[in-house]
């Protein structure tokens, strides 16, 4: 399929984007050698927020239960690791699989309703999983957390040691691959239909397209990505707590997504990095001042920048290019 | 030639209120029919019934000989019964080209493929360019629909229905809300609809109806009160009364 | 395997460099949120010890760095402990109010060559997680076993066990069950409640229906215990003559003002009471009270922290300030001293603290305040939990 | 049988506390179409004011309750004018984000002002004495809560269905433009109904403090419970909310009696089943 001019330009822009992410990631590696454990957590949360963007940003389905998919991946990888499967790449795949299955289940339930009841279903599902994980403490370690995981060195060489170097680079590589794949998926016919569903479901059915299978497929993809994020967190910290499958982690993911701007994969990354960097600094001083700050930021976004940071950046970029274009004519 | 679209004894009552009662009409391939009637005559209900949006209380609908009364809305579209909307239903953040390409991909069964590039499907993109050209939408093809004129949005709805290559097309007030300066372009587009396509237009603009339709059905209070040639519509006493109410006799 | 070599080299390098100047101690605990009071007690115990013994050992000055975890959160505990070791370069990890937080940090110790002194987390299994763990607080087995004997000797034959569903709760249930059944009693039912439960009246109804003559309870101190004891009264169980047995966590001094009348007469067994009569305890209570600001808030986590600092000081003396976890732990095995709670020693085999356990009853002092009056002493109690776990 | 009755009393009390607090949310969500996740924060503010008034200022319980209700409304008016008015009619996601933001701010400020510890509200002696109902003793406070729930249910039903203001409220919700055209000052109607909703939340916060203790995380911890209860009952329907509160209250209390270690597992399972079977809530208005 010969590339049209515009198509080659978008592929070029994607490669540039990926290079930018890799650059920022490696800069983090050199500038903050002592904080690699924290930076790895930023990557696993970024995967969670990316997975949420697929549902909220691309399909227009509001969800406060993404923790269910993230936690499913984390616990699957954790339990597998404790029972002897220690190869990190295999653990990520197990996490992805668990996330996918959970995505299928969650989608099948959530897509039965719309609007507020749908939002409530997402909350009920993550709370149900939270209680189940607590109850099955013999397998999941319950509120004591699942520990005693010792993942094997990556590709047999790079140990997951105290300084977290290999964990971080492994996470960064995973993020780049996932981001590239998602860039492709959102540009596929399937991705366009999802965007269509967000903008006008009636027109989609008037085109003769069934909405449910499309949305369910996106839930599975989103579950896969979130599951990988959870598995990465499990491998890096070698501990899985009940907090990984909770309402708080889901609400935080939504805040980060909106901060960055929904409907833009970059938005998810920008929102996560800024939110967690701020949290790392401010929360250390006083956790409750941090909540007041997040609350204020959220209100400001809704009032002044409803399209989030990346949205406003896009608008800025478009204004600049349009002015240049108009000025140039 | 058997009827490509046949509605027999179609009725719909919300509780006691009879909104459509015992409507029957048929259309052959390539026929141009107009469904007119005063406000509240039950036209929109009729469209929602035949497109499967709401279930009928009685009666049946056949498309190309097949009984589609029990089929869902999406299946009816796939069988070739396509409609445009009275108020445009489009994707504000997408471009006209993307709308038509998605329609073509759905027709070709490739609309929900993941391992393909939407903009890379040259067969669909080329066909879309053709359709957009015939409707004069080429120069806005790559602009977001939210930023193009309402008249152009109406044309895009027609472009989409063309791309679906339907057996029967229901035009729900195609000229509604369009400034009179743009109406000629809408009429041009309607004139260029494929000859084999059966078109049922629901419209208020009588000039447009008389120029377009070969046959007219008049609906009043949910009942068909006239079926026949456009020229005879104005003379028919029942139609006059329905439209002009009591004044009809005063003029007589 | 070149990575391992570099890590070891770096550790040794860091150890010798810090020889003559500052030795950092990282303390992880709940300094905000619902359990902030318990974190405040950690700080008070540490400040009291350093006020009485100075902040230097030989020619090294001791610097304490605090990290906050509001509630039990293993993932965050691991991240914070790792940050303390890697970023701050602490040579000793201490604190850990909740069991899950201590458990999550144990895998770090060997790689980081850092000993951990647990100042509160009470599940027996923690010491088995790594050879570099030393505990100066208590275990639920250690404090719950004596109350089982006291209950049986007091004539209670049928008891229902009600515990919070987490590490220490499960241990408390097992400890009491073992002790009570060994003495000849019967556990009619064993219920486990989720950690976040706040409405206890259905549980009270369950206790009444079980036909038990007494209830053994274990919940984390603070708001949850408050709710439970209040419900025990309000639903007429205390009036109905149902006896109440629990380890001392439930009647800790900082909760007594809020419990008030409801706590009067409750018998518990614990390793420390603020009202313990000894010279060491007087100086400790006076120093810790000053550090806290409000003496009524003083409670058992402070003595766990106080003795924890004593063990850390001894470790630093033994290693001359060098970072050698194995040598430090080896040095304190068998260490014995007079703690504010009474005579104590570190058991060489389990590295857990051997101490007296006291039977106490909540009584009202002349000035109207409530305190735990020590009634009977069980000398030199080890940790029966470890024997059961093996 | 005796156990069934006593669970029944607990379930009724817990259900009524949920009802008193969440009915205000049902008003905002159903009648005013605003997804107000900050509803729990207003209940918490009410609880804090009452605790400060009764415990620190030593005022009588009834006075403390009044202070809590009107104090919270006073605080809520500027918030409604400045923030909520900007999200009327906006999509659900925007409203969810705005109200989560408000909740976080209230939690942060509450902790800064009142500190992290639990705040008890001293109830008068008469409410604390155990009352024997023959088959079991229960604290008078529970009966008081049940009475409050019933009173609020009746009062609100009368206020909305039978009064002139109620008609105006329902009119301006169904079609604000038309109501305005008919001379209904919709701005005033929204402000008053918001104040009523917030007042009810504060009242519920104070009355329910025994069951839902007042501490900074209250607004986040119970946000989910109130939202779930109202959407199961169907936003905007008082009988629906009452039915949902009693049903979910009973399921939660019975589960906590029979299988305590399952915690809220069955509560959320029930929520999923009900929402799946009744996507618009038990008696929700057909949106």
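Lettered A, B, C and D in written order, each chain numbered from 1.
By our rule, a contact is a pair of C-beta atoms (placed from the backbone, for glycine too) under 8 Å apart; a residue touches a chain by one contact, two chains touch by 3 or more.
Note that the structure is predicted; figures quoted are calculated from it, not measured.
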When you check each chain against chain B and chain C, which touch both of them? A
Relative to the centroid of every protein C-alpha atom displayed, which chain's own C-alpha centroid is closest? A
At what distance in angstrom does the C-alpha mean of chain D lie from that of chain C? 39
Chain centre separation (chain B, chain D; CA means) in Å: 49
Using mean CA coordinates as chain centres, what's the chain A-chain B distance in Å? 43
Identify all positions of chain B at which a residue touches two or more other chains, and write them in rising order. none
On chain A, where are the residues touching two or more other chains? 131, 134, 288
Per-residue overlap in chain D, given as positions that touch at least 2 other chains: 116, 261, 263-264
Which two-chain combinations touch? A-B, A-C, A-D, C-D
Residue ranges of chain A in contact with chain B within the complex: 1-4, 6-7, 10, 184-185, 187-193, 195-196, 199-200, 202-203, 205-210, 213-214, 217
List of chain B residues in touch with chain A within their complex: 73-74, 77-78, 82-83, 85, 89-94, 98, 102-103, 105-106, 110-122, 125, 160, 164
Per the touch rule, the chain C residues reaching chain D in their complex are 32-34, 36-37, 165, 191-194, 196-199, 201-203, 205-206, 208-209, 222-223, 226-227, 234-236, 239, 258
Chain D contact footprint on chain A (complex, rising order): 56, 62, 64, 109, 112-117, 119-121, 123-125, 127-128, 131-132, 134-135, 247-248, 251, 254-255, 258, 262, 288-299, 301-303, 306
If we count contacts the way the header does, which residues on chain D are in touch with chain C in the complex? 3, 6-7, 10, 14, 116-118, 120, 128, 130, 136-139, 142, 211-213, 215, 217, 221, 253-254, 256-257, 260-261, 263-264
